[in-house]
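Letters A, B, C and D name the chains as they come in the text, with residue numbers starting at 1 for each one.
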Amino acid sequence: MSGKLSEEKVFKDPVHNYIYVQDETIWELINSAEFQRLRRIRQLGTSYLTFHGAEHSRFSHSLGVYEITRRIISQFEKSGFSDWPREERLLCLCAALLHDLGHGPFSHSIERAFNSDHEEWTCRIVLGETQVNRILRKADPELPEKIAAVIRKTYEKKIVVSLISSQMDADRMDYLLRDAYYTGVDYGTFDLERILRMVRPHKGHIVVKESGMHAVEDYLMSRYQMYWQVYFHPVTRSGEILLSKIFDRARVLYGGAHTFSFLNDTLRRLFDHSMTVNDYLHLDEALMQVAFMQWTKDSDPVLADLCGRFLDRRLLKYVPLEESEIPLTRGVRDCLLKVGLDPDYYMYLDFPADLPYDVYKPGEVEEKLPILLLDARDQLFEISSRSEIVRSISGIRQGQHHIYFPEELLAAESMPDELWQLLQKRS
Amino acid sequence: MSGKLSEEKVFKDPVHNYIYVQDETIWELINSAEFQRLRRIRQLGTSYLTFHGAEHSRFSHSLGVYEITRRIISQFEKSGFSDWPREERLLCLCAALLHDLGHGPFSHSIERAFNSDHEEWTCRIVLGETQVNRILRKADPELPEKIAAVIRKTYEKKIVVSLISSQMDADRMDYLLRDAYYTGVDYGTFDLERILRMVRPHKGHIVVKESGMHAVEDYLMSRYQMYWQVYFHPVTRSGEILLSKIFDRARVLYGGAHTFSFLNDTLRRLFDHSMTVNDYLHLDEALMQVAFMQWTKDSDPVLADLCGRFLDRRLLKYVPLEESEIPLTRGVRDCLLKVGLDPDYYMYLDFPADLPYDVYKPGEVEEKLPILLLDARDQLFEISSRSEIVRSISGIRQGQHHIYFPEELLAAESMPDELWQLLQKRS
Amino acid sequence: MSGKLSEEKVFKDPVHNYIYVQDETIWELINSAEFQRLRRIRQLGTSYLTFHGAEHSRFSHSLGVYEITRRIISQFEKSGFSDWPREERLLCLCAALLHDLGHGPFSHSIERAFNSDHEEWTCRIVLGETQVNRILRKADPELPEKIAAVIRKTYEKKIVVSLISSQMDADRMDYLLRDAYYTGVDYGTFDLERILRMVRPHKGHIVVKESGMHAVEDYLMSRYQMYWQVYFHPVTRSGEILLSKIFDRARVLYGGAHTFSFLNDTLRRLFDHSMTVNDYLHLDEALMQVAFMQWTKDSDPVLADLCGRFLDRRLLKYVPLEESEIPLTRGVRDCLLKVGLDPDYYMYLDFPADLPYDVYKPGEVEEKLPILLLDARDQLFEISSRSEIVRSISGIRQGQHHIYFPEELLAAESMPDELWQLLQKRS
Amino acid sequence: MSGKLSEEKVFKDPVHNYIYVQDETIWELINSAEFQRLRRIRQLGTSYLTFHGAEHSRFSHSLGVYEITRRIISQFEKSGFSDWPREERLLCLCAALLHDLGHGPFSHSIERAFNSDHEEWTCRIVLGETQVNRILRKADPELPEKIAAVIRKTYEKKIVVSLISSQMDADRMDYLLRDAYYTGVDYGTFDLERILRMVRPHKGHIVVKESGMHAVEDYLMSRYQMYWQVYFHPVTRSGEILLSKIFDRARVLYGGAHTFSFLNDTLRRLFDHSMTVNDYLHLDEALMQVAFMQWTKDSDPVLADLCGRFLDRRLLKYVPLEESEIPLTRGVRDCLLKVGLDPDYYMYLDFPADLPYDVYKPGEVEEKLPILLLDARDQLFEISSRSEIVRSISGIRQGQHHIYFPEELLAAESMPDELWQLLQKRS
């Protein structure tokens, strides 16, 4: 059984002003080694290369998701909503706090390179022999399994899942506000207090009172702007592409029994796909950066060069492409070879459609629960059926092809004229 | 010769909104490997252990100091002040940008442990065989030496020094605003725009028009609050103390030819006091954190334990002490021995008077140039001679003794009753 | 000839931080009786009845429009754009400052009731025997006529007109930011600094560099939200409708030689459509409120009742209507008669399409100059041709019919059931 | 008996984000004619003449005081503090909402001129035949008398009085934040949320937990800055002095049976000291401004001139004086006579010590309850006994003599040279 702290604990937070902890279990989870590790993993991966202020960690974000969840539940309890299952409070708070526990350094790039999945790692940490697991079991022996079910979206009470993972969940609400704060952009703001007042439990779902529709519209417009102007920023993508290429190269070398200038057990098991939970917990951005730093002196020139580019922020250039121009880029491979660069590692044709963010699309019901509004007659409707602005935004597909290449490419002799025009003029 | 960029570059910054770069030299310096390294060093050392949002780097701060300096100079030029030596513009901008270049990871602790000095390292990087040096020399062969002179406060034109280093310099103005923003506290705000409008060059000094006195008062009150509530926060100190103990232990072990679970060339030369500029540039927080992480598995139990405490944020406890209570703490050493902990590494009696920050004290003229106001009759006076509030604040000495100790101490058997009262009741 | 002030004057402003005055003429205009009168006229008419914080005056807004214009021009001059006619600087600043000089109290309602036009009054004040006219002529004998031409949009240099009056002019930019600040809503914010950096003169127009497109999108999204959630708020409309009814009733009574409980020369000439400039300058919100207050004791019960409702904020209720439901409301007249209320003064069917605000519609070229972007190849294009989000927003027509009626109506006996359902359920 | 609203009502507020109303009685009070009247009275009197943004009304402030009180009580109830008398909730909320109900237009000046007292008027309105009285009696027949007792600080439970009126009451906390917001100055901010969390009921007083001491220090520093830089601003004082002179002149004329160009029953009874509650409720800023406007055409040249100066903001000039320079100002009377101005109405020697604001002074216990802190051992102490910064601020007396005079004075012939130096040089 988890008890209440004799005295409420507070964290000063730039986004929510204060984060309040009232439960012993939450307090212990925050102080666990596995949760403290999140301080060593940036929330926004390579975005700090575009927005220098965006150096905040997943630790800050996780506290924020917890706090929003706490406020929602506190509102539910205060209002005495009968559709709210009060016994799920601690589960919700723990799941909110821990939902990103399995994130590794530069998650997106590493997950692609090593075919891992942070949600699965979250479950393994929660279920494994960890401090977090011990703390959870002390509160309730079934809590670890329940949290894993919430993370995997298989928990039977969908209302718990939708608090943590839906089109307008505590996770998204925190990261939009937090990422806007730390990057310094003006787009990410919306009226969180209004939304928190307007959400309520309703027949197993979280819904929003219709009178909160404008606040939801504003949230979706913020999200739209953040996606295109922060999350999909091509400079950030350029950093991610460089990371992917480093991992690709390192894997190839590892397969070829290369002697690395630096390699420890953690990295070795990462390459071997044989990481234990304990190994995984040693994987953080510090380790990756030290590896990259040592690899700048590696005997493999490609690995050394790519790592140097990343650390010193000498990123790949990019130009936007119309779909009709894509065939033109075939010439890039030849030109790269002419300047002595391996095309497998020095170019990338990108279309940011496979990224982990999305603008609101009401159709995608299976994946993420849509936003439901509750009108005065207690009827539910999906927001885009009533909001013209949401309908307008949802229909937009702004994805743009980009080609990424090193600046040296422009020095290639005898580049096809049309290609040169394309690359030189627009970059 | 340094030229102007064909197009002004901008950085989005949460504190100053935008940072503008118009000079080629500044642009190249920002993109140099040595300056990019500052992204891997936190501005506030261990403060993130108290204020989780304070994860910003010296890179962000350095850009901010540059921007404030740029705005001041731009104001001077626009106003056509004859006391402003226009030819010093680029020197001022470069010195502002680079003034923290020599900071290492957890500077304060490392400097104490290894008797190094970040200002000296800044000079060595600026003068050594580095990208920064090359870029500066391209603009003006004497620029590196001049910058070193500004950093060392020996540059003949004191007005240049006082822009970068005085009681109200661009450095302090940026860090008060920035640290307030990232920690989320409300204290650090003051009216930067007003101050920038009120400063002017006057007979070789930077002075403030008397009508800006209230804004300066507000700046000094912010500084007062930030020092006591952020910079000297005992939890932050606790982190620093742990770091110092780790370094102390590692040095002792290194002297004793211990075989570390991790040690690379960079660290080896740190211990040997034989670092070159190139070594120093490899020293960043990532390396220290990886070392600590590996040392948690070291064969030396003290080193392993201290590193684990730091990484997992199991900090030392503390209680405030009256001066008369200090003798009581002699008993702590015995008690630590009883619970099997070496007092040399597990306790610390702290008085935060030897720290790198200070509240404004008008007497300390030699160290930092005082704040001079210029009245309507063109007479200068030191601010505290006219401002009662500055006089009041300056006279306050709030330093407080604290004793730091591990929580386990409280479990020591047969602790003197008076000591137990002291430690248990207040912690 | 207008000279420079020996010392720059500043106004502290919550929206722009500081407003700077460098010209004698501007300083004198601000201190003129006619400009000071704007302190007695609220910027947002009846919006304070919805958003209690929105009590700011046209004086504040006018200073803000001046300041934005000053910053734009200062940017143009600093950048040395050859397409900028430098000799028009003072004209632009004066026109920006004075553009709302002719606004009367509760402009929208009064203009409708008395068929007046605030832009025409601005011109009459600028051209008449006023302090403003004297100050302008002192600077340049042709300045009054030029300002009138800018206000009437007939000034030959369109670039001057477009600074003051276009789809993204200084007027709109200030009021969106200012109204958001004073109402406290989050919607009205956009990146003013970015936009100011991106606008430039180009062949007689003000255009925006293409790289500023996202900031313009954000501005248009803010505008969209402000229109529907602040400017068209039905409670604000309810206040305006009440005002219109008061004016209607007073006009009818005046035509019938009624003896008012209060009437002074200013009001008499308002009713007579015989106001001189001097009369008009005596017309402010204080006078209207005193008239309303005295009229609460008028012998005409309708006038007395309407004025009491307005002063005590007992507004008309409202319900939204589908177009198909409009015929239903015919029954309201009968019901009002049954409860003893004159339908001519106690009901209103509203469709907010004829209001003085609009969402961006690219087609309306004649009225307001559209937003033109300038791409890297120096080609101009209208923003909606390239921005999907602007295209989406522009197509939306969110206007909604509302019926306004007094609460007493619901007490009417034998109301048609369908009507009662409509009014009772939704209000 | 007062009930709960079926649905919580919200007001959007720029300072507190939202203001929540849950009680029928509060909702009805807000909608009463007497409370709506506060919309027509500015919070900061003549401060808008210095800070143009400061146009907010006592209506906004009163809602804010209510909201802070509501949050404090809600916190008390949630925490289950046994020292909190729960039955006093509605009384506290009503008293908070209504505490400024008796303010008239330009309160400070009118109270001095007509020897009235806004707190007494608040009581008369609450106890008289008013809507407010009816609403209160409906909730509890004794409520009007209780509220009057709270306003008069005679209510037996001091804890209720101290919520509304003490050194750190809801009134001050709201106006510091609100006035800072509307003027745009940076000084008035402090950590309201932290203070609200730290206050608690303790043996009949409101006290603050010692761990909230820094937040209280910050509040007192804000208050210090606001007093000297906003409330005592000499331009604001200049407006107040002009108002006092207008009232002085009007009273003299009224005593002499002058025929005013405008006078209605309300004003007549103001001059006669025979106002009923009903008269008083007709007294608002609109009425005063209309009177001033009409009086600009009065046959008495002094009254006409003073009113014109006020409306057009042609204020009196001022210069600061050392105490030793005061005798010099005797010459001003003669000089005024030389330029044809009556010294009784055109000069004023001011020392802002008799003003309705004060910096915290712990000694003044009788007037305002001091700030008590509660330490970990449940002992109370007055804050300045432990806080050096509060002690420092409290000791400061910054009052400064000023002489106010019309600009024309400087044109006086044969002014004593020393006086001319004084007035000319410093103004």
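Convention: contacts are C-beta pairs under 8 Å (C-beta built on N, C-alpha and C of every residue); 3 or more make two chains touch, one makes a residue touch a chain.
From a predicted model like this one, the values you see are computed outputs, not experimental measurements.
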Greatest separation from chain D - chain, by CA centre: A
Separation of mean Cα positions, chain C and chain A [Å, integer]: 44
Gap in Å, rounded to a whole number, between the CA centres of chain B and chain A: 31
Mean-CA-position distance for chain D and chain A (Å): 51
Where chain C touches two or more other chains at once, by residue number: 17, 185
Overall pattern in which the protein chains touch one another (line/ring/star/complete/other): complete
Interface residues, chain C side, partner chain D - complex: 11-15, 17, 31-33, 36, 39-40, 48, 51-53, 55-57, 59-60, 63, 181-185, 264, 282, 284-287, 289-290, 293-294, 308, 311-314
Residues on chain D engaged by chain A in the complex (per definition of touch): 10, 17-18, 193-194, 197
Residue ranges of chain A in contact with chain C within the complex: 185-187, 189-191, 214, 217-218, 221, 224-225, 228-229, 376, 388-389, 392-393, 395-396, 398, 425-426
